[in-house]
Amino acid sequence: MRPSGRAPDQMRTLSFEPGFTKHAEGSCLVSFGETRVLVTASLEEKVPPFLRGKGQGWVTAEYGMLPRATHTRGAREAAKGKQSGRTQEIQRLIGRSLRAVTDLSLLGERQIVLDCDVIQADGGTRTAAISGAWVALRLAVDGIMGKLSADPIRTQVAAVSCGFHNDTAVLDLDYIEDSNAGSDGNFVLTADGAIVEAQLTAEGATFDEEGLLRLLRLARIGCGEIFEAQRRACGR
Amino acid sequence: MRPSGRAPDQMRTLSFEPGFTKHAEGSCLVSFGETRVLVTASLEEKVPPFLRGKGQGWVTAEYGMLPRATHTRGAREAAKGKQSGRTQEIQRLIGRSLRAVTDLSLLGERQIVLDCDVIQADGGTRTAAISGAWVALRLAVDGIMGKLSADPIRTQVAAVSCGFHNDTAVLDLDYIEDSNAGSDGNFVLTADGAIVEAQLTAEGATFDEEGLLRLLRLARIGCGEIFEAQRRACGR
Amino acid sequence: MRPSGRAPDQMRTLSFEPGFTKHAEGSCLVSFGETRVLVTASLEEKVPPFLRGKGQGWVTAEYGMLPRATHTRGAREAAKGKQSGRTQEIQRLIGRSLRAVTDLSLLGERQIVLDCDVIQADGGTRTAAISGAWVALRLAVDGIMGKLSADPIRTQVAAVSCGFHNDTAVLDLDYIEDSNAGSDGNFVLTADGAIVEAQLTAEGATFDEEGLLRLLRLARIGCGEIFEAQRRACGR
Amino acid sequence: MRPSGRAPDQMRTLSFEPGFTKHAEGSCLVSFGETRVLVTASLEEKVPPFLRGKGQGWVTAEYGMLPRATHTRGAREAAKGKQSGRTQEIQRLIGRSLRAVTDLSLLGERQIVLDCDVIQADGGTRTAAISGAWVALRLAVDGIMGKLSADPIRTQVAAVSCGFHNDTAVLDLDYIEDSNAGSDGNFVLTADGAIVEAQLTAEGATFDEEGLLRLLRLARIGCGEIFEAQRRACGR
Amino acid sequence: MRPSGRAPDQMRTLSFEPGFTKHAEGSCLVSFGETRVLVTASLEEKVPPFLRGKGQGWVTAEYGMLPRATHTRGAREAAKGKQSGRTQEIQRLIGRSLRAVTDLSLLGERQIVLDCDVIQADGGTRTAAISGAWVALRLAVDGIMGKLSADPIRTQVAAVSCGFHNDTAVLDLDYIEDSNAGSDGNFVLTADGAIVEAQLTAEGATFDEEGLLRLLRLARIGCGEIFEAQRRACGR
Amino acid sequence: MRPSGRAPDQMRTLSFEPGFTKHAEGSCLVSFGETRVLVTASLEEKVPPFLRGKGQGWVTAEYGMLPRATHTRGAREAAKGKQSGRTQEIQRLIGRSLRAVTDLSLLGERQIVLDCDVIQADGGTRTAAISGAWVALRLAVDGIMGKLSADPIRTQVAAVSCGFHNDTAVLDLDYIEDSNAGSDGNFVLTADGAIVEAQLTAEGATFDEEGLLRLLRLARIGCGEIFEAQRRACGR
C-alpha cells in the first residue's frame, strides 16, 4: 500500500500550465502532484563560444530550488556562492535529455536556455523539470518556426521516477516514497519508444535485471500519460 | 498620461495569495500588476550567532530573481557564484522594514527568514516583496501565537514606489515608467502613519522638498490600499 | 546635549587635503572630524563594455575599509573573498551621486574610477567619501580640460548625515550618535540646491514628514559648509 | 572491429598496484589499459557533522584529474576556484557505490575518504576509480580490523562501462570508443550479483530494453574479471 | 649613477609616524621615500584554532595595496574575490619576520594581527611593511606590558631590499631601480646581527657568492639606519 | 647524526623517470628519496594576453599536492575553492626558476605550462619539482626543435634544500629534518654555476654570513648530482 493510496502504476495528478510567465519565449508551470516546477525557455540569438561559427544551435538547462521549496529551508545557493553537486548533476541531465530530441543544426546559431526552478518539492523534481522543459522548449520553438527550414524538435521527451517501495515496484515516487525507497531510478524516454537516459541507484538495497525491467515497464506507462498531457498543453 | 492609462495616484491591481506553498510556516504570492513575487516565511527555533543567549529573536530576508523574470534573461546568481550589489541592497532593505514593526524580544529565541523570489518583474519588485513579506510573516507568527506571551507584530508595514514621469508625480511605477523616471523613490510606511524608510534617487534629474512631499503623499495613498489588501489576505 | 558637545546644527571639523597621493590623476584625504577617507580618482582612456562605442564616458566608485579603521578589527574583504552587502550598497551610492553632477557625454570615452578607502571610521564614512570624491573627480577632470570641449562637471555634490539623537535633530552624526540614533538619514545635495539622494531609515523609532523636513534643513546647512571647503581645496 | 583490436567482450589489461603511496591507510594505483587512477583511503577518527553521535561511520570520495591527464591540458580546478559539475557528479557516484557495500554502523564513528586522482585518462576513469577505491578501502579497513567487532565490508564492488560502438555492444570503452559511442552506460555491480548503479545515456542515438540488457550482460563479464583482480591485489 | 642621485649605500628618507590611527592598539605610517605603508597592530584576546589551549600567543600579518597606490590602477582584491599570490607571499613573509623576534609563550593566549596597507608604492613595500610592523607591534605590546611577566619582543627586526643596478650593488631600491635590477633581494635582519630571511632572485641576470655577500653588507648598513629610526619612533 | 643515517653532504636517492605519462609533450616522475612529484610540460601554440604579438614565448608553472600526499590528509584545494598562499608561492618560484634558463624570444609565440603534482611528500617537494620540471621542459622543447632557429634552453637548472639540523649544515632535508631545522633554505642553481634564487628562512633560530655560505656550498654539491641525473634522464 502506497502512503498516498495510489495504485503501484498510478501517476500523481499531472498539470502543465503553459505561458505561466510573460517575458519568456516559452514557459510552463508543471505539477506532478504537489511538486511544482516553473520552467522558462529563453531564446538567444547566439551560441556559446565552443559552437561559434559551426552553424548549429544549443539547448542547455539550469536548475534551482527556492530555499523553502522543501520541508526545511535550505541555504540559498546564490548566497552560499556555489551550486551544489546535486544541482549541477540535475541540470546536466535536463540539458542532455532535451538535446536528445533536438536537431541542433536545424535550430541555427541560436541557444535556448531552459531555467527550471522548483517552487515546491515533493519528490521527482528532476523528472517534472524535464517533462515541463519539453513544453517550454516546444512553445519557444513554435515562436520561431517561421525562421527555420524544418522543425528541430524530432519528438517528445518525458521523464519519470520509479522505485521499490516495500518491495513493490511503484511509479512516480513522492517524497515519502523516495525517502524510503530501497532502490529507485529516473527514466527519460521519447514518444517514439526510445530510452534517452536511465539512472538507477541502490543506496542500501540493490536490484537485478528483472527489477530493472519492471521499473522500466512502469516508466513507459508513466511517460505515456505525460506525453499526452504535454500535447494537450501545447495544443497539439 | 501614464503608459498604462492609470491615473497618477492609481495603484496597479493588487493581489495577495496567502498559503501559496505548503511547506513554509507562512507564504504569499503577491502581485502588483504584472510584478509577481513569491514570499515564504521560514520559522527556525534558533537565532544567528550574534544573538545567541540574548533572549530575543530575529527577522531577516533574502531576495532573488528567477533568471527569466525579466525581459531578457539575467545570469543566475547561484551560477555566477555571488549575489549582486542590487540583490544585497534589496534584501537588507526588506529585513530592516519588517524588523521595524516587530518586537524581537516578544518573538523569543526564534528566527524568521523571509525569502522573496521574483517570479515575474515589471517594476516595483522590492516594494511588492516588502508588502508580501508582511503577510507571510503575519501567517507564520499566527501559527506560534500559542507559544508567545503577546503578539510581536506591532503593526502593518507596506512599501510602494513613486516618481516623476514626464514631470508628473505618479504612484506605483511599472517597468516602463521606472526606466524613464527622472527621479523616484521607495517608501516604507506603517499602518499607524510612520515612515520606516524613504529612499529617493535622482539619476539625471533632481528634486526638492516639494517634490519629496508630493511623492510621500502619493505613497500614503498607495500604502493605504496595500494595508487593506494585506488585512483581507490574512483574514483580519 | 550631543556627546561631542557640538550644537545640533554644527558640523565636525572638515578638512580636504588634495593631492594626498602622487600617482592618481586626482586624490584627496577628506576628514569629517575623526573620520578619514582617502579618495583617488583614476582616469582610464576606455569605458566599460556596456558603453563601448556610444561616445560617452563613465564615472564609478569602489569603497573599502581598512580592517582596523574601526573600534574592533573587521575581517579583510579581500581575504574573505567577497565584498559585503554594505560595501556594495555604499559604492553604488557614491557612483550614482557623482554621476548625477557629471555630463557623461562631455567626458568622452573615458572612465574615472573613484576609490574611497576608509583609513579611520567614526561615523559618516559614506558622506565623507562622496564629498571627498567630488574633489578628487574635480582635480582629475581639471587635468584633462585641454582635451574636452566643455567642463563635464555641472556643479558640486556633497553629502551629510542627519538624525534624531535623544529626540533632537542633529547634523553630521559621529559614531556614538549614529549607534544610538532612533532614525537617521543620508542626504546628497548639489550646490545649486537640488536633492540627488535621500535615504532615511528608522530601525526602532520611526519618523514623519515634519521630521524628514527638519533633517533635510540641517543637511542643507551642512552641505553648504562642505561646498565651501571643497572649493577652497580645489582652489576655486 | 574495435579500434584497439579487442573482442567486444574483452576488457583492457587490468592492474591494481596496492600500497602505491606510503602515508595513506590504504592506496592503490589502478589501471584499465592506459587509464591510470591513484586512489588513497584516508582513515579519520571522526565523522562529518550530520553523523556526530549517531554511532556510525561514513565513507565518501573525492575525484580529481591532473591538468594534463588528458590529450589537451585542462584548467586546474584549484586554480579556477571550483570543481566542475562533472567532477562532482563522479565523486558522488564513487561515494554511493562504496557505501552500498559497507555496513556503516560496523565501522564505528570513523570516516574513510577515498581520493581518486586521475594520472592519465583514456576513457573509463570513473569505473577505474570505483574499482580501485574498493581495494584502497579494503586495505584501510584491514588495518583496523582489530578495533572492529565484524568486517564492515559486505562484499566487493566494481564498475565498468559498456556501450554501442558501430552498433556493436562492447565492453570497457577506451577514449576513442567513448567519444564515438552512440549510447553507453556505467554499471556498478557487487560480487554477489546485485546492481548498485546503472547509468545509461544516449546523446545522439537512443536504446531500448534489449540494448540495455546486452550492455548489462557485458558488464557482468567485465566486473567478474575486476573482482578477481581486486582479490589478488588484496591477497584474498 | 642611480636615477635618484643617491649613493649606492644610501637609504631613501625614512619616516615612522607612530599612532597614525586612533583605534588600533599600535599603529605606524612608515615611509621609505615615496613608499608609504600604514601598519596597524590589532590585539585580540584569543588565538587561532590550531593554538587553542597551548598557552601561547600568535603574531600574524595581512597585506594589501590600495587600488591606486601604483602608477596604474590595479583591480581591488576584495572585488576580484581573492588575494593574489604576490599578496599572500608578502603577508606570509611579514608574519614570519615578526614571529622571529617574538617569544610567543610570553605573549600568553593573545593574537596580534599586523595589517599592512600600502597607501603609495614606489618600490620596497614589503620591506617598509616589515620595518613599520615592528613599530606597531612594539606599541601594542607596550600597552599590555602590565599583564605580561616579561617582554615578549626579544629584539628589533627590519628589512631592506638591495640589488644590482647597472652592475653596481645598491641599497633600498626604488621602483625604477627595482624594475631594471638584474638581480635583487630582500633581507630581514635583527638588531643583534642575525639574518631572519634572505630572498634573492635573479630574473634575467644571475649572481654568485660574492654578489650575495655584497648585497648582504649593504643590507646591514640599511637596517642599521632603520633600527635607529624605529627606536626614535617608539621613544626608546 | 641525521635521522636517515645520511652523511651531512649526502643527497637522497635521486630518480628521474622521463615519459611517465603519454599525453604531455614532456613529462617526468622525479623522486628525491620518498618525495615523488609528477611533472608534465604542456606545449600550447599561444601565449597569455599580456604577451600577445610581442614575438616571444612564456614558461609558467602550477603546483598541487594530492590530498593524501602527506602524513595526514589535507583538504583538496579544488574543493576549498582556492589555492593556498604556500601553493602560489611555490608555483611562482618554479616558474621564475625555469624562465631564468630559457630564452623566451627563441621559443616563439608558444607557452609551456609545467604542472607539478606531488604524489608523495617527504620534504623538498619544491626543489624536486624544479629539478624535474627542467627535464619535462627539455623533453617538450626537444620535440619542437625542428620549428626553432636555436635551442631556447640556455643551461640546466636544479634546486635543493639545505639547513641546519642539530647545528650541522645538512643537504637535501627530508620531512623529519625539515620539521626540526633551526633555519634552512632553498637554492636554485644553474649548471654553469650561477645562483638563480636563494631563499633562506629562520623561524626560531637565525643565521649569519658564514652559515649562509656553508649552506650554499652544500647546495652546489647537491645540484651537481642533480644535473648529472637530469642529463642521464634526457639522454644527453
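A, B, C, D, E and F label the chains in the order they appear, each numbered from 1.
Definition applied: a residue touches a chain if its C-beta (ideal position, glycine included) is under 8 Å from a C-beta of that chain, and two chains touch if they have at least 3 such contacts.
These figures come from a predicted structure and were not determined experimentally.
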Both-way neighbours, i.e. chains that touch chain F and touch chain B: none
Most distant chain from chain E by Cα centroid: A
When chain C is superposed on chain E by its C-alpha atoms, the rotation angle in degrees, nearest 5: 180
Distance between the centres, which are taken as Cα means, of chain D and chain A, whole angstrom: 28
Mean-CA-position distance for chain D and chain C (Å): 59
Where chain A and chain C are represented by their mean Cα positions, the distance between them in whole Å: 50
Intercentroid distance (Cα basis), chain F paired with chain D, Å: 33
Numbers and ranges of chain C residues touching at least 2 other chains: 81-83
Going round from chain D, first to chain F: chain order: D, F, E, C, B, A
Sites on chain A touched by chain B in the complex: 21-24, 27, 34, 38, 40, 42, 44, 62, 64, 66-73, 76-83, 87, 113, 115, 117, 119-121
Of all residues in chain D, those that touch chain A in their complex: 82-86, 88-89, 91-92, 96, 99-100, 185, 190, 193-204, 206-209, 211-213, 216
